[in-house]
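By letter and in written order, the chains are A, B, C and D; residue numbering begins at 1 in each of them.
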Amino acid sequence: MTPGLLLLFDLLLPAVLLWLAWRSLTSSDLFRAVILFIAFSLLLALAWVRMEAPDVALAEAAIGAGVTGALLLVALARIESAAGRRLSPSARWRSAALVLTGTALLAAAAGLLWSLRLLPTMPGGLGPLVDRHLAESGVDHPVTAVLLNFRGYDTLLEVGVLLLAAIAIWCLDEAVPFLQQPLESQLLTGFNRMMLPILLLSSGYLLWLGSHAPGGAFQAASLLAAGMLLALFSGASLPAQWSGLPLRLLLVLGFFAFLAAAIIGPLTGRALLHYPPAWEKPLILLVEWLLTLSIALILTAAVIGGRPTGSRLYPPPSSPSAEGRRQ
Amino acid sequence: MDPRDILSIVFLLAAAPFFLAGTIGLLRFPDVFCRLHALTKADNLGLGLIVIGLALQADTWLQSARLLLIWLLVMLSGATVAHLIARTALRAGRKPWSGRS
Amino acid sequence: MTELCAGLALFLLVTIVLGLIRIRRGPSDADRMLSAQLFGTTGVAILLLLGQATDRSFWWDVALVFALLSAVTAIAFVSRTEPAETAQEQRDEHGS
Amino acid sequence: MSVSLVYTAAGIILFLLGTYGLVAYAHLLRKILAANIMGSGVFMVFIAVAGRTPGAPDPVPHAMVLTGIVVTVAFTSVALALAVRIARTSNRAHLPGRDEEQR
C-alpha cells in the first residue's frame, strides 16, 4: 500500500519537474537555463526511483550529475566566448504561427492524453517472458539480460551511435585548450587523489553489479568518464604519443569487441548475437569491460569536443610554456 | 517501542531543521560566502544525522558502512566545492559582506 | 518509521522547491551553482529516505552515484569561470 | 495505479513543453535543452507504462529507455559541438529570424 505521504510526494515531484522544465525553457539567461536543466535531470533520477526503474535512475544520476552538466557548462562557456554572453529573448511570434503552433500542440496534448484511455487495464507486459528465459541469458538481472542478450543488437547499435558521435565531434573541430588557465588548487589535487581511485573502484562495482542487480556498462562508464573529467579539470592531458593511434584503437575497441562476439553466432551456425551456451557469461562480461573503457573515453572526448592534433597533448594545454613543462 | 527506533526517530527529526536552515540561509543570507556557510550545514549535519538515523535501522553492518561512505563522499565533495566556489567568487572581485550594506 | 521517512522526503522536496527561488534571483552564477549543489545533497538524502521507506536498499546505490558525482558539475562551473583575469581582460578589449 | 497515470500525463506534458521550446526559441543551446526535455518526456511515459504491470515492472521498456538515454547523450554532445562550431564561425549562436530583421 502506498502511504498517503508517498502519494503526495508523487504528486509534488512531477509538478516540480514540469516547473523546472518550463523555467529552463523560458528563463532569459542561458546559464540559469542550464542550471535549471541540471536540477531537472537530478530530480528526474528521483522520479525513475519512484517508478521502480533503478537501472534508469542509475544511468540518469551517473550521466545527468556528471557528464551532461560538464558538457553543457563547457559548451556554454565556448559559445559565450565566441558569440558573447547574450540573453536569449523570449519568443516573438507572428500571429499566424502562434495560432498554428498552439493548435497543433493543444491537439497533440488532447490526443495523447485521450490515448491514455486506450492503455489495457490489466497489462501483461514482457516481464514474464524475460523471466522465463533469464536462465539462458548468462546473467541474473533482467535488464542486463535484455540489453546484452535478448535485444543485444540495440546495444550494439547504441555503442555504434556513440562512436559515430565521437567521430562527428572530431570531424567538426580540432581540440582547443580545455581550460583557459590551469585550475591551480592544492585542495582539488588532494580531492582528485582521493576521488579518482574511488571512482575507478565504484565503476568496477557498478559493472560487477550489472550481472545480477541494477548497474552495467554504461553506468560504470559514466563514473569512469567523470573521473577522467576531474583529471582534465585539474589540468591533466594525454601525452602526444598516446593521443594518436592508441587512443583511436581504445575508442573503437568496445564496438569491435561486441561485433566480434556478435558474429561468433553466425560462424558457429547460430543467429547473430547468439552466444555459445557455455560461453555466455564470460563473453558478456568481457564485452562489458571493453565497452566500459570505450564508452568512458568517448564521453570524455565528447566533453573535450575536438580531435587531437598531431604532436601535441590532448587536449592541448592553455599556454605553450606549460606544454614543455608537462612533457 | 524499541530504543533503537526511538534513537533513529530522534536523529531523523533532528536532521530536518538543518536542511531547512540550509535553504533559508541560501535564501536570506546577503552574499555568496554567507550562503556557502549555510549550504555546508545541510551537507555535513543534515545528511549526517539522516545517515546515522538510517544506519541504526540497517540490518547488516555493511549497509551502515555504505551509508557512512555516502556521507563521507558528500562531505568531501562539499568541502572541495565550497572552497573552489568561494575562491572563484573572491577572484572575480566580490567582496565578502561586512555587515554594513 | 515508513511514514516518518516518507514525510521527511516530502519535506526535503519542499525545501528544494524553496531553493529554486535562489536560482531565480541569482544574482551571480555562483549563487545559482550553490543551489544546484544543495539540490544534490538534498537529493541524496531523499534517495536514502525513500530507500528506507519502501524497503529497497539498492536505491542507496543511486544515492552513492549522486554522492560520487556531486562535485563534478560544480568543478566544471569553477573551471569555466576561474580565469577571472583573462576573461576580464577580454571583456575590456571588447569594450574599448 | 493512479500514480503511474500521473507520471504518464507529466511525461506527455514534458514532451509538449519540449516541442514548444524547440519551435519557439532561436538560440541553439535552448533548442538542445528543449530536445532533451522532449526525450525525458518520452522516457517518462515509457517507464510509467512499464510500471503498470503486476509484480515487478516490465524490464524491456527499462532497457529501451537506457538505450535512449545513451543515444540522447550522443546526440546532445554532437549538437553542442555543432553549436560551438557555428558560434565560432559566425559569431552568433542563434538561428536568423524575425529578431534579426527587427534589429
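Everything that follows uses one rule, which is that contacts are C-beta pairs under 8 Å (C-beta built on N, C-alpha and C of every residue); 3 or more make two chains touch, one makes a residue touch a chain.
All values derive from a computational prediction rather than experimental measurement.
Enquirer: Which chains make contact with subunit A and with subunit C at once?
Expert: The common neighbours are B.
Enquirer: Which chain pair shares more contacting C-beta pairs: A-B, or B-C?
Expert: B-C
Enquirer: Which integer distance in Å separates the CA centroid of subunit A from that of subunit B?
Expert: Roughly 28 Å separates the two chain centres.
Enquirer: Please report how many Å separate the Cα centroid of subunit C from that of subunit D, as a whole number.
Expert: 21
Enquirer: Approximately how many whole Å separate the CA-defined centres of subunit B and subunit C?
Expert: The separation of the two C-alpha centroids amounts to 12 Å.
Enquirer: Could you grab the centroid distance between subunit B and subunit D? Build each centroid from C-alpha atoms only and quote it in angstrom.
Expert: About 32 Å, centre to centre.
Enquirer: Note the residues in subunit D that touch 2 or more other chains, in rising order.
Expert: Residues: none.
Enquirer: Which subunit A residues sit where two or more other chains touch them?
Expert: 50, 76, 84, 183, 188, 191, 195, 198
Enquirer: Can you list every residue of subunit C that touches 2 or more other chains, as numbers and ranges?
Expert: Only 33, 35, 64, 68, 70-71, 75, 77-78, 82 qualify.
Enquirer: For each chain, which other chains does it touch, given as pairs?
Expert: A-B, A-C, A-D, B-C
Enquirer: Under the definition above, what is the set of subunit A residues touching subunit C in their complex?
Expert: These residues of subunit A touch subunit C: 3, 5-6, 8-9, 12-13, 16, 19-20, 23, 27, 31-32, 35-36, 38-39, 42-43, 45-46, 49-50, 54, 57-58, 61-62, 65-66, 69-70, 73-74, 76-77, 81, 84, 179-181, 183, 188, 191, 195, 198-199, 202, 206, 209, 213-215, 219, 223, 226, 229-230, 233.
Enquirer: Show me the residue ranges of subunit D that touch subunit A in the complex, using the header's touch definition.
Expert: Spelled out, the residues of subunit D in touch with subunit A are 3-10, 12-21, 23-30, 33-34, 36-37, 40, 43-44, 47-60, 62-67, 69-71, 73-78, 80-85, 87-88, 91-94, 98-99.
Enquirer: If you look only at subunit C, which of its residues touch subunit B in the complex?
Expert: 1, 4-5, 8, 11-12, 15, 18-19, 21-22, 28, 30-31, 33-35, 37-38, 41-42, 44-45, 48-49, 52, 57, 60, 63-64, 67-68, 70-71, 74-75, 77-78, 81-82, 84-85
Enquirer: For a test of understanding, state which residues of subunit C touch subunit A in their complex under the given definition.
Expert: 2-3, 6-7, 9-10, 13-14, 16-17, 20, 23-24, 26, 29, 32-33, 35-36, 39-40, 43, 46-47, 50, 53-54, 56, 58-59, 61-62, 64-66, 68-73, 75-80, 82-83, 86-87, 90, 94
Enquirer: Can you tell me which positions in subunit A touch subunit D when the two form their complex?
Expert: 2, 7, 10-11, 14-15, 17-18, 21-22, 24-26, 30, 33-34, 37, 40-41, 44, 47-48, 50-53, 55-56, 59-60, 63, 67-68, 71-72, 75-76, 78-79, 82-84, 86, 88-89, 91-94, 101, 105, 108-109, 112-113, 116, 119, 122-127, 130, 142-143, 145-147, 151, 154-155, 158, 161-162, 164-165, 168-169, 172-173, 216, 218, 299, 302-303, 305-306
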